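A, B, C and D label the chains in the order they appear, each numbered from 1.
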Amino acid sequence: MVGQQFIAQLAGHPWFRITWLGASQRSEGHKYRDLTWRLPTPMPEEVADLTVEQAAPGRAPRLVFSALDANVAGEIEQAFAEAGHIVVSNARNFRMDPFVPLLIPEVNPDHLSLVPAQQQAKGWSGAIVTNPNCSTVFLAMALAALRQLNPTAVSVTTLQAASGAGYPGVASLDLLGNVIPYISGEEEKIESETKKILGSLQNGHVEPHPVIISAHTTRVAVVNGHTEMIGVRFENMPSREDLLNAFTSFWGRPQQHHLPTAPAKPIIYMDEANRPQPRLDVERERGMAVFVGRLRPCPVLGYKFVALGHNTIRGAAGAAVLNAELMSAEGMLD
Amino acid sequence: MVGQQFIAQLAGHPWFRITWLGASQRSEGHKYRDLTWRLPTPMPEEVADLTVEQAAPGRAPRLVFSALDANVAGEIEQAFAEAGHIVVSNARNFRMDPFVPLLIPEVNPDHLSLVPAQQQAKGWSGAIVTNPNCSTVFLAMALAALRQLNPTAVSVTTLQAASGAGYPGVASLDLLGNVIPYISGEEEKIESETKKILGSLQNGHVEPHPVIISAHTTRVAVVNGHTEMIGVRFENMPSREDLLNAFTSFWGRPQQHHLPTAPAKPIIYMDEANRPQPRLDVERERGMAVFVGRLRPCPVLGYKFVALGHNTIRGAAGAAVLNAELMSAEGMLD
Amino acid sequence: MVGQQFIAQLAGHPWFRITWLGASQRSEGHKYRDLTWRLPTPMPEEVADLTVEQAAPGRAPRLVFSALDANVAGEIEQAFAEAGHIVVSNARNFRMDPFVPLLIPEVNPDHLSLVPAQQQAKGWSGAIVTNPNCSTVFLAMALAALRQLNPTAVSVTTLQAASGAGYPGVASLDLLGNVIPYISGEEEKIESETKKILGSLQNGHVEPHPVIISAHTTRVAVVNGHTEMIGVRFENMPSREDLLNAFTSFWGRPQQHHLPTAPAKPIIYMDEANRPQPRLDVERERGMAVFVGRLRPCPVLGYKFVALGHNTIRGAAGAAVLNAELMSAEGMLD
Amino acid sequence: MVGQQFIAQLAGHPWFRITWLGASQRSEGHKYRDLTWRLPTPMPEEVADLTVEQAAPGRAPRLVFSALDANVAGEIEQAFAEAGHIVVSNARNFRMDPFVPLLIPEVNPDHLSLVPAQQQAKGWSGAIVTNPNCSTVFLAMALAALRQLNPTAVSVTTLQAASGAGYPGVASLDLLGNVIPYISGEEEKIESETKKILGSLQNGHVEPHPVIISAHTTRVAVVNGHTEMIGVRFENMPSREDLLNAFTSFWGRPQQHHLPTAPAKPIIYMDEANRPQPRLDVERERGMAVFVGRLRPCPVLGYKFVALGHNTIRGAAGAAVLNAELMSAEGMLD
């Protein structure tokens, strides 16, 4: 799913052009048009006639996007980085590596300065830059907006969409009319990745943010869109207006650079009592914004609210493309 | 939905027999078999030939169950209580009345002692006894099991089923492939009702339990079964074994009296990582148990776990029937 | 739903501009932005500040689109037509009126010649032009493509989406994980409307096409997109290639005139064994094409195939807008 | 799924007791309680401690039920039959074998007389008896009820449940809010199996019934229950009352013998305009009856109606158990 979403995001991109496709042995040697396309938009013509090659450096261009499965991504991405490629990856293998930026362009663009140290430490002429796990992105962006208010503890319950599990992913017998209150490894990722993303650079490494995070993840019968119920405790209780202002005024380098896929505003606050909702909101802003609503006091933690994001766009392929756009705008792909 | 579930619960009941049906003007005068029956089990023969009468005292038996809408329940239930009827109600109107028991038989059977005070204060020869809101029941039972460990703060996110909204309830366009992150009035009910249920009787009134509760409620595409993600802070951090023991050893007067619809164990702890789930578990134990799983440390509050219950059975009609059974067993219906 | 879809279709339209909104008493006097918007695309800015007026002629422009409920559409549409308005209606009230075109621009543009007779017979200075019921459109377009092969009998089973029932429409309790094998009045509409649409003009009236049609309609848990399983008997058994050619070469006056919302090809034949599918295909071609697949012999009738269309676009609001575009292109709105 | 349904059907059976479980290598050697149980009812205690053995004759009892995958069922079932076992199979491999009964006890119990010929022709001391494909059963039972009215052509569109595809079966991304208008091999099975089931024994083999059948199969977002829209042409047009009588008076040897899992009436006709429905009806009669409704004239074929059945019970495991019960009642297991 994420690989196809990459192609959908990059089709007609003003800066990048898809010239090469690499995949596992099963798809190798096939024209892309002969593979099964599972998105509701048509397969872009510009990739239909590309032949899928082995996922190995060699004929690949310098910038490669990786939607590889975690069980092969580690080795293959390293081979590309060693061979001089800039690997912009959605895989989890290198996310927590101390030399690898876990990047959200609006949140921690300064973490890109890890790249030279990464190249030196690993002896790579290329580099690896990662984006977070889908459910992490939306939480991390919401918390980044609130960062100056000093959040100290966060409780989040996610209601995650089927597309987050890839294809074939969750069996329909498990999801029809059901809730699965568990996603393997997901809670750990949210708890650790968010702290790294919000962390500060100190002496060439990322010092994780001290906020304490507790995640509870569930899968629900939704196609696209992770909904997150978030409670936050702050060092000093801010006013509701402080939080509202923080959400609505939040922006960052993607907006400053007018990056091609950057949303006009990274966070959109919705006033209606029953929003955001996956079916009504997740496709807005081309899936690149985080939608927040229902900000109100929480008797236990201080404040609570809802966040929603598109898991295969802002939570995966779109996140990686925005990462590459930022690197390009800052001269790192020259 | 709840009215029909009442009939399903009471059909073939060893102690109670349905002899009278009262409803709003729209149904008045119809044979029950001519109304639309929406449960997957067939309409019990024993009610099919009853004629629906006006919901007013007079020809009604002493014990009446109420599944009335809140907009009419207040007035009608009071009229029945004044006329000497014991009203076992699922409506919310009297739940927070200081003289009305908000009863879960395993949790606060002693609150039934409010009834004489109620009769005196209101001047009623009958009485009203209520059961909690559906999403409250499962939380309150789980917390009651943990009560001796001194919970001080609770955060709960609910994923509630469509049947909780009655019929026609939520439009399919709003729920298909969607999450609605808001249910009107529901969070307030959970927060206030739970404290009353867990509260202690002092000088003839209920002193709410001091636990702080924060609720976040959502509606998901499930037919029956509310799933709740719960985090709890305790006065002194207990061991995981303490909590497990508390859940598995929990029982109460329904089990002691062997009440007809009492589950053998009010709380069933499930060890599988991905349970409980509505589709697989909610109909077990005839819908009368609370299923708990995934007990694990919570970095923010101390412990977190999942609870699941059948919203129209243990969360509504079954709750009321169990209330009546307890009152019968304790001689209050004689 | 259809009213909102009208606004979405007309927003930014190159020929038409929304200048007036009329509705029932409940919405009258409200800014449109204060009403609940239920589409996943944002409410177009150009209507947000319009104030909803009474659905009556007077301040309305000459061309009005009607998405009125059938229980009020008859009287109101007639009042508009009498007052000189061109009413392009999605309501069913006048569809079978012998003087009213039941128009699909690719199929029966010549039926527009009923309008002068309509004006004379009814004494209207305006006129009413209707589009078919949503499930009729896709069948009628498929059959129109096959018309020259002389179809004599048609059996169709529909699997219709929730949005076809409007809002709130079908209760989620009725549709979640379910099939409802009945839609009131729908089978009769398909059977009669299709014959009128395919009928020929003779002496100023429409002679229904002699094809015999049997419809079986069901509601399924789909948001948008009616899927239809169609079997057809022909006077003389054509070859499969004849049918394929008929589908793929089908086009009409909307394509000839390059009408703004006309699809490039009205029928798109899909070769994949398991297509078309609502979730993957219904939004393609801006919802204005009919997708056909699985053409194969039928042992009983001769041939069978699948058709799919977007019920609130090509099946309702988009159909009406295309009707108005055709009328404009042919000078009927001058 | 079907294997687990077999166990659920056989648990507590008055005539049969599960003493042995055989499976593929992956499960071999495990206690059954250690395998994943996916039914909403608890795993029966009587099988929990059985150890799964290799699916080969030897230690197995004489009567074995087979829910094997078609890719291994052929070889394994033959080995059992050769070794003297009575194999009551749900697999498709031998269904169309001229010596193997394709049995529905109410429809063609006389086909059991193929068994001696089978044993002689194959040189087996045991035997194989099969039940039909799930979507075939409900059609064949409905047609059997109408057999004396001489049906000559049948058109059926199925809306099939997810559980019919086994586990994991259909990906939730393919089924959520969607219709898949194709099920591999299913239409051919319905068309050929039904003719064999309705066929008559002539000189020791089954002469297929001459009725012409056209099937169109789809998968919908339903957990259990195949809905079928059926049109039938008769040699001489009967009255609607003739058909109604045929449905309601239909019964057979299972009812005559009072077989333990036989429904009181094999076909239940429902008068409500919008019934039968999977969610409301499929679990009734313990999943063993076929529910029929909406009988009305069909302009193309003569009559049309809806049929519904439980695909993993009457369409699979329950069908096989009823086959074994019939064989037992008729002395074939002695």
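Annotations
What we mean here is this: a contact is a pair of C-beta atoms (placed from the backbone, for glycine too) under 8 Å apart; a residue touches a chain by one contact, two chains touch by 3 or more.
The model shown is predicted, which means the values in this text are computed figures rather than measured ones.
Chain centre most remote from that of chain D: A (centre = mean of CA atoms). Here A-B and B-C were compared by C-beta pairs in contact; the pair with more is A-B.
Chain centres here are Cα means. That of chain B falls 47 Å from that of chain C. Between the Cα centres of chain A and chain B there is a gap of 41 Å. Among all residues of chain D, those that touch two or more other chains are 38, 176-177, 221-223, 279-280. Those residues of chain C that touch chain A in the shared complex are 38-42, 176-177, 223, 279-284.
Only residues 1, 38, 162-163, 167-177, 221-223 of chain D touch chain A when the two sit together in their complex.
Within the complex, the chain A residues that touch chain B are 153-155, 157, 159, 176-182, 184, 191, 212-214, 216, 218, 220-223, 225, 227, 229, 231, 233, 273-280, 293-294, 298-301, 304, 306.
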